[in-house]
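Same chain, two partners: subunit A is paired with subunit B first, then with subunit C.
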Partner chain A sequence: MLLDAHLILAGFRSYATYRAATIAGLFTNIVFGFLRGAILLAAIRQAGDIGGYSTTDALAYVWLTQGLIAVIAIWNWNELALRIESGDIATDLTRPIDPQRYWLARDFGRAAYALCIRGIGPVAVGFVLFDVTVPPDVWQWMSFVVSVALAVWISFGLRFIVNLAPIWLRDWRGALIVSNVLATLMSGFLMPIAWFPHWARVVMHALPWAGTTQAPIDVFLGKASGPSGIATIGLQAAWGFALFVCGRFALIAGTRKLVVHGG
Partner chain B sequence: MSVQAEVSASWRAYRHLIGASVRAQMQFRTSLFMQMVASCALTATNFIEVLVIFDHLPMLGNWSAVEVAFLYGASGIGFGLCDMAIGSIERTGELVRTGKFDSIMLRPVGTLVSIAGSDMALRRVGGIAQAALVFVVASARVGIEFNVRNVVLIVVMIFGGTAIFAAVFLATAAIQFWMVGANEIGNALTYGGNYLTSFPLPVFSGWLRRLLAYVVPLAFCAYLPALAILNKPDELGIPAFLRYASPAVAAIVFLAAYGFWRLGVRHYRSTGS
Partner chain C sequence: MNVVETHGLTKNFVVYERNGLIRRTREVRTAVADVSFSVAAGEMVGYVGPNGAGKSTTVKILTGILVPDAGTCSVAGFVPHKRRLELARRIGVVFGQRSNLWWDLPLIESFDLLRHLYRVDHQKHQANLDECVERLALEDVLKTPVRQLSLGQRMRGELTAALLHGPTVLFLDEPTIGLDVVSKAAVRDFLADLNRDRNTTVLLTTHDLDDIERLCKRLLIIDHGTVIYDGGLNELRDEYEPYRTLVVDLVTSGSPLAIDGAETVKVDGPRQWLRFHRDRYSASELINRVGEVAEIRDLTIEEPDIESVVAKIYTRQT
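And now, the complex of A and B:
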C-alpha cells in the first residue's frame, strides 16, 4: 500500500511539471466547452427536452465532459506502448514490481493532478457562468466521486490493453487510432448517449466506454439514482475488474511472447 | 531578389519537400491506407454529431440538415486541405523547446517552407474524402443551381477557407516563440475553429461569436460564402457584400499571420547552454 502511495505521488509530480501544457490544455477544454454548450443549447431550445435533457442538464453535461477529458485521459495515451516499441519494457520487467500495478498507480496519480486543474477548471467556469443542474444531496456527490474513480480505472484498463498491442502487432498507432475513434463515439463524449437512437443506446450502455464518461454524468445528473444508480456504478466496477483481468492475461501472454530486438 | 522571385523559389522548395514526404509515406502503403481510413473515421464522428442533433429536430435556427451538412462539408474540406498542407507547423513549439529550430534557420529555404514542407500528412486525405462526400451529397440535395457563379463561389469558399485556416495555424504556431510548451492553445483555434465553422453562426452567441467569427475571421470560411451560394437570408444582419469578401479577407489575414510569424522568428533566442 505504501509503495502504491509513493507511485501515485510520483505520477502526480511528474505530470505537475508540465505547467504551461496544463494551462494550454485547460484553455482549449474551456473554449470547446463554450462551443459545444452553444450547439446543445440551440438544439434543446428548439426541440424542447432531448433524451430527457433540459438546458441545465445539457450545460452540466458539457462542462463535466470537458472536465473529464484530462482526468480519464482515454485518448492518445502511449507511454507504455513507447516503452515496448523501444525495448525499455525489458528493464521494466526486471524490476521488483508488477508493471500493471506500477502503471495503474501512476495513472491514478496522473488523474489526481489532472483533476486539480484541468478537471475542476472547466467545471468551475461552466458552473459559475451558466445555470446548471447540481446534485441535490451529499449522497449523489459521493456517488459521483466513486463513479469518476471507477471511470479512471476503466479508462486505464482499456488503455493498458491497447498499449500492449505492439507486442503482437509491432505497431501501436493503428490500435491507438481505433481506440480513439471508439472512445469518442461510444463513451457519451460526442453527444449524450440518451440522444442516440434506441438500438445504439442499448449497445453503448452495455460496452465499457460508457463507464468512462456517460456513467459519472448520469450519476451526477441523477439520471441514474437509487437502484439504477447502483446498477450503473456496479456495471462500472464490473467492467473495471474485467478489463483489469484481461490486461493481466494479456500481460502474461505478452511477456512470454515478447522479443526485444537488438543487442 | 524581388518578392516575386522569392515567392516562386519558396514554392519550388516547398514542392520538392512535399514530394519527398509523399514518396516516403508511399513506402508503407498498408500503414498509410489504414491511417487514411482512421482519419476518415475520426472526421466522420463529427458528422455523426450533426446527424444525432437532426434526429431530434427538423431545423437548427433556420438551417435544415442538408444545409448544415453543406457547411460541415465545406468547412471540413477547407480545414483538411490546410491541415495537410501546413499542419506540421504545429511542431514549432517542440522545435523551439528543444532548440532544433536552430538547424531550421540554417537552411537555405525559409523557416515556414522548411517546417510546413517537412511532413505532409497524407493520411488527411481520408478526412478530406469524408468531408467531400458529405459536401457533394449535400450540394446535390440542397438544390443549388450549378451555374458559373455558384461554381466559382464554391471554389472560392473552399480555398478561402483553406487560406484562413492556414493563417490561424500560422499565427498560433508563431505564439509558441513566446509561450514555449503551450502548443495546445492552438488547438482551441484550429480544431475549435473547424468545429465552429461546421455549424451555422447564429447558433453561437455574444463574445464567442465576435471573437471567433469576426476577430479571427472564421465567418468567412464557410458561413458567409454559403449564404451567398444557398441564397439564404442572414439573421445576424451582416452586410451582404461581405458574403463575397472571403478571398480578400483570406489574403489579408494570411499576410498578417505571416508577418507575425516573421516577428516570432526574429524573437527566437535558441535554448542556451
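And now, the complex of A and C:
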C-alpha cells in the first residue's frame, strides 16, 4: 500500500508539472460549461422537465460533467499505448511491479491532480453562479465521492484495455477513436441517459461507460439513492473489477506476444 | 558459478507485408537463432553485432521482457520470462535509447520512487545513492527534472537508477550511445570500478568497440541471430587479423626495405610501414632486422584496431 501511495503521489506530481495545460484545460471546461448549460436550459424551457431533470438538476449535471472530464479522462488518454508503440514499455517491464498496478496507481495520481483544479474549478464556477441541485445530506456527498473514485477505476479499466491495442494492431489509433465515440455516447456525457428512449436507457445503464459519468451524477442528484444508489455503486464496483480482470488477461496475453523493435 | 546461461535460445517475429490493397503475406523472421553462452559471476562480457543482429532481442529475453520461442535461459537462477518480477530485483537494466527515469520528475524523486519500487532499505539506498552521485558527479543535477538533463547527465542518472537496488547482474544496452568523449570516459571508468569493487556481472551491448576494448576481456559477436565468436579480445585479433604494422622513421629516405617475412606496404619519405605476421616475428626481432639494414630514428607498432577486426567479421558474414 505504501508503494501505491508513492506511485499515486508520483503520478500527481508528474501531471502537476504541466500548469499551463491545466489552466488552458480549466478555461475550456468552464467555457463549454456555459455553452452546454445554455443548450440544456433552452431544451428544458421548451419541453418542461425532461427525463425527470429540472432546471437545477440540468445545471448541476452540466457543471459536474464538466468537472469530471479531466478527472475520469475517458477521452484520448494514450500514454500507455505510446509507450508500447515506441517500445518504451520495455523499461516498465524491467521493474519489479505489475504494470497494471503501476499504471492504475499512476492514474489515481493523475485523477487526484485533475480533481484539485480541473475538477473543482468548473464545479465551483457553476455552483456559485447558478442555482443547482446539491445533495441534502453528508451520506449522499460521501456516496458521490465513492462513486467518483469508482468512475476513475472503471475509466482506467476501459482505457487500459484500449491502450494495449498496439500490441496487436499497428493502427491502434482507430481503436482509440472508437473508444472515444463510445465513451461520449454511452457515458451520459453527451446528454443524460434519462433523456434517451427506454430501451436505450436499459442498455446504457448496464454498460460500463455509464459508470464513468452518469452513475456519479445520479448519486449526486439523488436519482440513485437508497437501494438504487447501492445498486448503482455496486454495479460500478462490479464493472471496475470485471474490467480489471479483463485488463489482466489482456496484459498476460499481450506480454506473451509483445514485440519491441529497435534498441 | 554462471550467472547467465542460455541454451539454444531462439526468437522469431512475425512480419506482415502488404501486397496490394488487402492482401498481405505473413513472414516469420528469426531475430535470435540457437544462441548458447554463459557468463560467470563477476565477468564483464561485451556483446556486439551489426544492427538487427539480435543483440537487443537477446537482452530482452534475458531480462524477461520477451518470451523465447525455443531454448532455455536462466539469469541469477531464474527463468526470466517466468519469474520476471522476482528477477527484476536482482538485475539492473539500462537501455541507452530508453529511459528508466520519470521524465517529469526531478532526478532525486525518480531515485526515491525506485527505492520504494525495489523495496530497498533506506540506509542501503542512501549508501548506494551517495556512492553513485559522487562517482558520477550528479550532485548538481539531482533536483533538475529529467526532461531538462543533457544526454550525458541523463545517462549517468540511468546508470544510478539501475544500480540503487544493488543488482548482481547488469545489462547495458548501448549505454554510451550519443555521449561525448568526456561523458563516455566517465561512464566507462564507473563501470570498470563497479565490476572491480562490487564484482557485478555485466553484459555490455554496444556498437562502440572502444567500450569493449576498455572494459571487457571477453567478447561475444552475434550476427543474423547466431553467436559467431565467443572468446577473448586478443584471441579475436590473432584469429582474424594476425598482422601488425611496424612504422619506422629512418634517418634517410630511401627505397622500400626488403626484409624477409615482412612486407613494406607504404613509403612516405623516410617513413616506412612494414606489415608482419605476429607468429613470424616478435616486434623486437623485426626492429633488429630493420636496424641491421638501415638507421632508425623513431618507431611505433600499430596493432589492428578491434573495430576493423569486427568490421571484417561482419563483412565476411554477409
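In this section, the second predicted complex is superposed on the first by the 262 of 263 C-alpha atoms of A that agree within 3 Å, B and C clash if a C-alpha of one lies under 4 Å from a C-alpha of the other, contacts with A are read in each partner's own complex, and residues count from 1 in each chain.
One rule holds for everything that comes next: contacts are C-beta pairs under 8 Å (C-beta built on N, C-alpha and C of every residue); 3 or more make two chains touch, one makes a residue touch a chain.
In this text, all values refer to a predicted model and were calculated from it rather than measured experimentally.
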According to the stated criteria, A:95 is in contact with first (subunit B), second (subunit C), both, or neither; which is it? second
After superposition on the shared chain, which partner residues are touched by A:10: those of subunit B (first), subunit C (second), both, or neither? second
In the overlay, answer first, second, both or neither for which of subunit B and subunit C A:258 touches. second
Output check: A:34 vs subunit B and subunit C. Expected answer is one of first, second, both, neither. What do you get? first
Name the contact category of A:198: first (subunit B only), second (subunit C only), both, or neither. neither
According to the stated criteria, A:184 is in contact with first (subunit B), second (subunit C), both, or neither; which is it? first
Tell me which touches more residues of subunit A here: subunit C or subunit B. B
Common ground on subunit A, meaning residues reached by subunit C in one complex and by subunit B in the other: 18
Inside the complex, what are the residues of subunit A that reach subunit B? 18-21, 23-25, 27-28, 31-32, 34-36, 38-39, 42-43, 46-47, 50-51, 171, 173-174, 177-178, 180-181, 184-185, 190-191, 195-197
What part of subunit A is in contact with subunit C in the complex they form? 2-3, 6-7, 10, 13-15, 17-18, 87-88, 90-91, 93-98, 255-256, 258-260, 262-263
For subunit B, which residues are in contact with subunit A within the complex? 31, 34-35, 38, 41-42, 45, 48-49, 52-53, 55-57, 59-61, 179-185, 187-189, 192, 195-196, 199, 203-205, 208
Name, in rising order, each residue of subunit C that touches subunit A in their complex. 13, 56, 60, 63-67, 84-86, 88-89, 91, 93, 95-100, 102-105, 109, 112-113, 116-119, 145, 173-174
